[in-house]
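Just so it is clear, A, B, C and D label the chains in written order, and each chain counts residues from 1 on its own.
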Amino acid sequence: MTTQTPDLVAEVRRFVRDEVVRLEPLFFKHGFNAVLPELQTLRLEVKARGWWLPPLPKEVGGMGLGLGEFAQLSEEMGQTPLGNFVFNTQAPDIGNLEVLLKHGSPQQKERFLKPLADGEIRSAFAMTEPEHPGSNPVWMDTTAVLEGNEWVINGHKWYTSGFDGSSFAIVMCVTDPDLPKPHARASQIIVPTDTPGFQQVRRISVMGEEGEGWASHSEIGLRDVRVPRENLLGERGKGFAIAQERLGPGRIHHCMRWIGICRRALELMCQYAATRELAPGKALGTRQAVQHMIADSYAEIHAARLMVLDAAEKVEKLGAEGARSEISTIKFFVAGVLQRVVDRAIQVHGGLGMSDDLPLSFFYRHERAARIYDGADEVHKTVVARSILKEYGLDISL
Amino acid sequence: MTTQTPDLVAEVRRFVRDEVVRLEPLFFKHGFNAVLPELQTLRLEVKARGWWLPPLPKEVGGMGLGLGEFAQLSEEMGQTPLGNFVFNTQAPDIGNLEVLLKHGSPQQKERFLKPLADGEIRSAFAMTEPEHPGSNPVWMDTTAVLEGNEWVINGHKWYTSGFDGSSFAIVMCVTDPDLPKPHARASQIIVPTDTPGFQQVRRISVMGEEGEGWASHSEIGLRDVRVPRENLLGERGKGFAIAQERLGPGRIHHCMRWIGICRRALELMCQYAATRELAPGKALGTRQAVQHMIADSYAEIHAARLMVLDAAEKVEKLGAEGARSEISTIKFFVAGVLQRVVDRAIQVHGGLGMSDDLPLSFFYRHERAARIYDGADEVHKTVVARSILKEYGLDISL
Amino acid sequence: MTTQTPDLVAEVRRFVRDEVVRLEPLFFKHGFNAVLPELQTLRLEVKARGWWLPPLPKEVGGMGLGLGEFAQLSEEMGQTPLGNFVFNTQAPDIGNLEVLLKHGSPQQKERFLKPLADGEIRSAFAMTEPEHPGSNPVWMDTTAVLEGNEWVINGHKWYTSGFDGSSFAIVMCVTDPDLPKPHARASQIIVPTDTPGFQQVRRISVMGEEGEGWASHSEIGLRDVRVPRENLLGERGKGFAIAQERLGPGRIHHCMRWIGICRRALELMCQYAATRELAPGKALGTRQAVQHMIADSYAEIHAARLMVLDAAEKVEKLGAEGARSEISTIKFFVAGVLQRVVDRAIQVHGGLGMSDDLPLSFFYRHERAARIYDGADEVHKTVVARSILKEYGLDISL
Amino acid sequence: MTTQTPDLVAEVRRFVRDEVVRLEPLFFKHGFNAVLPELQTLRLEVKARGWWLPPLPKEVGGMGLGLGEFAQLSEEMGQTPLGNFVFNTQAPDIGNLEVLLKHGSPQQKERFLKPLADGEIRSAFAMTEPEHPGSNPVWMDTTAVLEGNEWVINGHKWYTSGFDGSSFAIVMCVTDPDLPKPHARASQIIVPTDTPGFQQVRRISVMGEEGEGWASHSEIGLRDVRVPRENLLGERGKGFAIAQERLGPGRIHHCMRWIGICRRALELMCQYAATRELAPGKALGTRQAVQHMIADSYAEIHAARLMVLDAAEKVEKLGAEGARSEISTIKFFVAGVLQRVVDRAIQVHGGLGMSDDLPLSFFYRHERAARIYDGADEVHKTVVARSILKEYGLDISL
């Protein structure tokens, strides 16, 4: 880690606190599009300060930070739902950027990676299908058939985050249904969202909100959608392999962000406990039940942070595949911490915690999904146990 | 309990399932007012069937059921957020009805109780103030001063549920600030919502929704609001005593309703587990983690139901004050069960559970407050412990 | 329930408190045999008062109480590890009594049931084998082969509770290994413990104690043990069916007893909280953390008791098989409550709770097995879930 | 950390596994004294290998390792209850060594430190009194009065670990009862155990065992015990300050050891899950409930280890006082992990887990105290919360 990092972390913290957090009320009340102009201004500011896209290499406009360095920044960004967007590290764009960087053809890089890295467009990643469980990704109905020089795609996806208003989506399709190995049957194809037949069925109303723009999740349909053969991303049949590559670091990014949320929640909890009075002169924080909620949260967040930094280090050394068990471990462990900490923060705030006057309600609602997306707790626990039991001579097929 | 009850319960169950549940999607998508016309129709149907206002006496149009009998119906109504409204047993109206019935003057009964019992108007109960904690109800800034034959009220309240569109509110006011006993200082006053100076500051956005009409919580202001002296409800200085009377049964009503929610959540969980496939021919319910979530939920709901019926029996025998410890016990115990069961139901459903396609998201969001309103868990646990420790010779002032 | 029960319960409570509890220190320090003479005296007293063997019919010397009536007495007996022994309702003898009563031949009743019911001898039930999991009871290596008029038994059992000093054991043996249905292969055979070849390998040291006499668990071996053909208990091939019959009520008996333990633990916790001082004049019970441990324990015990009484009622109406799901539910639910309540009681007592000066250490150690014996939590949860999911159309083979 | 550490850790691991673990059955069955001769032999071996007293400086025969380095060794030693004893790092001797090293006079070092460091004698630390709570250490009845050149000590202590067979005890006594600051009233005095008036009241039976020698906890009395003035350890009135110094590192030592226990428990759990069959060919580890117990344990142990290493680093940088919050955090966090992991390991083993055939029962019983000794969970959580809330402007006196 470079010696400048602590300063950088402090500066980013200040920036997020001073500039981004103040946009929350507008975002919570009027939605993403209402806050977008101000977010764009902040993005320019971030670029000007040289903080753009920290985890991506300098040649595409990033800072070239390692995963461990970025982890610390990500915790700062994660404190507000708008943080990552300001640095262009928001999901799914950051994942798409990483995949395009590694597997994109020169033309794809020019057409899709460049404007995405510059923050001029947004993108989506269409994988999950409503008819099939996310825990069994190879069970998929969306197909792409090569007709001449075009892929003809038909299918149905949902929870396509950020699709609303995006310029293109990377779509997981079965291209080779007859291959014996299920994991070799799918490919990733880049589909501009204005391609005929590519429909946004709806923005799914999630936890009380349809959302809009980046802050929404769409159900989409693809009916005889045609894109050029060159829109294949990476090799044919490598769809799952490439998806796996993105999901590893993606999970770490989520965990880092969650720790930022936890810290914010703990901070709010402590501020309120220190200042809210139960009776004149008697602060809420004098109650032992409140104290213990604070101490438990502090301990769990501390554990989560150390585990994420440790996993980041392992990923840097061994790659995402080599650190698979560590990634699965933080995925379910940190998601659990997140849910408990936010829940305690709401409890400490009482009625105020239920309201959208604070960001706690947003975290409580939308981050309930942390235990579900990118692999449910139950799936990751099983992955970890299988890997451990293998060392003891027991090989379990899921 | 009358011998007809089982049949009645089954019929109400069928009615709620067939007629009320189908309104949920409209309610979730377009709000309370959109669904109100159909709710009014259902109310007429309920009246026609003789199921109106089950816990209230026949002379005001109710069924005159005991608390234990009503508990079973309430579980049926509780399965959907709209259930109680259809039977006119929704909070806070049911509580206001009970208070008016017991403490209202003949004129108050004619003017306020009658149309409320008939379902022609709605009402509110304004107690909590944003500046003071709900756990210390005697700490209150809203005042009512008698000037001639009028009460002049000034104050600030929030979480005044159902205020939006209501005809009157019962407002807790400090009328005798100089009395030595804090519990003797407040009175309840009926204030028509169209009284000059009575302002709706906002519908508080709660868990992502402002809501509207009955399904909303308002922040309100009272500036030199004048009502006739006769609008005092019950005796002067009995504000807290009367509030206490309503809160006991109110908590039981909530608990009964929560069990209905739990049952619905368990049912959805089981249906999904039995039919959703992880792989062709392999149902989600074959996973042991899912089975254990079902079994734990079943056990906890069973425990909760028995405790609520037991508490209802004690309230019928001893009154709410005599069953105070039992009421506090179910308040925190059932609220905990509720949160865990709904959480598990979401986890079993994965992404679908996050969406507003199912009622789980509504329960998850809005019933997070169950551990807060009408006394936070921490307060009720302390109440229970104090009462037990008193038997062991230790007297603790809170 | 007879109207006398409340009085009877109060009297038994007083007796257990006054007469049985005082033997605990001797038992904890010097073991079962040291306390046996006094227990025998108390047994005579119990007989004299007409309280002997409450759940068994009068013709064998019992009180003929129903399961619900006995539940309340059992809670009283359960408060001390020695309680049930004094009433001759201790496991495994009570289970053996019930089985002999229902399935025993006249000769078996005369020779085995009578002295057991009279409290002159003790008995054991040998089912579990160290080589095979209790969760799969049909997987068993102990065999009984009919040679002429004798069964020749070979096998290895453990956790044969109360074997030490017992007069006979009922032994589960595979008698018909070639039958297609595994559940039809085993039979129960009565084996006097002095039969040649019947060896006590050891008293298993369990949670720090080998124990002795009734309060011990043995590992036993059977090498060419020969007993007369007439020692077959019930029909050949009905071993599992008869075992199932005993296990249902047996689980309820355990649950009832556990509630007694919980009540004792809560009582100790409260006494200590009310009297132990943290500082002069400041009782331990003034701490909110302690209060919440008390309230949580109270609520959980209350839930457990209501569930056990409810299950007892269902067993009386539908039989153990018809109430299988209810029995499985209380088995894991109450075992969980038991562990948490005892754990909290220890925590409240601090160092004293770790010592054998109180019964808490005994409960903590020996009742850890409550989540294991007679079906582990995980097995019962799966049983409950399977039964529920069947109603939703999903049939799962374990 | 020196570059040799990884090798050293591996070698110590092998030694503990090969040489110390095999003594467990004898220890569990026949007690400490039975295994002492073999332990002495191993101690010689440890000295020969240069592994003696790793955390103490070389001038007293130790290895001079830093806290972080020792943490890794301690995890290895902690895997068996006998591990630390073999390296002479067992509590309370290691704490007494550290205190004597820092505060002992040359004569005290010669007479007490030297033989203790050499492993020729054992020692005790007498602080807790049965009449007063450990959470309020300044409330103490044991007094030492200076008469001429002698301290005359009277008092009553318990949970004096390792007193049985020890050569001396360091005794906390009130020497200056009239000072205004309670924390300035006590001093530490070295008392040889053969001093007249120094009585061993009993070895307290703890969790089913009186234990003996080092593996026991005594209740002791001091009646007019006289020791020379020079036996004062450190300055008069610094009793609490010195105690505090020992408790910080002491807590870290405990946490390190607990992680060793956790690792052992997880290892046993995995071995059993991988090999025990539920049915022919179907391992226990194929059950999802077992997998999740393994994954949760793995995650929690990983978190605990990272937190302990992080705290060790902070202690090395800032001293125990500067890292007080970190130490309190790991104290309650790791104790919780310990209890859950051992509990799960027992559950996975079923009946075998209850028996003393495995070390799990020992850990389950004796390490229940981890949440109590050296500050109960509740105390440490309050310490952490107070320290955090202070940053938010709220100052809470306990």
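To be clear about the criterion, a residue touches a chain if its C-beta (ideal position, glycine included) is under 8 Å from a C-beta of that chain, and two chains touch if they have at least 3 such contacts.
This one's a predicted model, so the numbers in the text were calculated from it and none came from an experiment.
One of B-D, C-D or A-D repeats the interface of B-C: more than half of the contact pairs, counted by residue number, are shared by A-D.
For the interfaces A-C and A-B, the C-beta contact count is higher for A-B. In terms of the distance between Cα centroids, chain A is separated most widely from C. Mean C-alpha positions place chain A and chain C at a centre distance of 52 Å. Chain A and chain D have CA centres that are 43 Å apart. With each centre defined as the average position of its C-alpha atoms, the distance from chain A to chain B rounds to 37 Å. The set of chain D residues touching two or more other chains comprises 287-290, 292, 378. Here chain D touches chain B in the complex through residues 287-289, 292, going by the rule given at the top. Within the complex, the chain C residues that touch chain B are 270-271, 273-275, 283, 285-286, 288, 290-292, 294-296, 298-300, 302-304, 306-307, 310, 329, 332-333, 378, 380-382, 384-386, 388-389, 391-394, 396.
Taken together, the chain A residues at the contact with chain B in this complex read 28-29, 128, 130, 133-136, 139, 158-159, 204-209, 276-280, 284, 287, 289-290, 343, 346-347, 350-357, 361-362, 364-365, 368-369, 371-373, 376-378.
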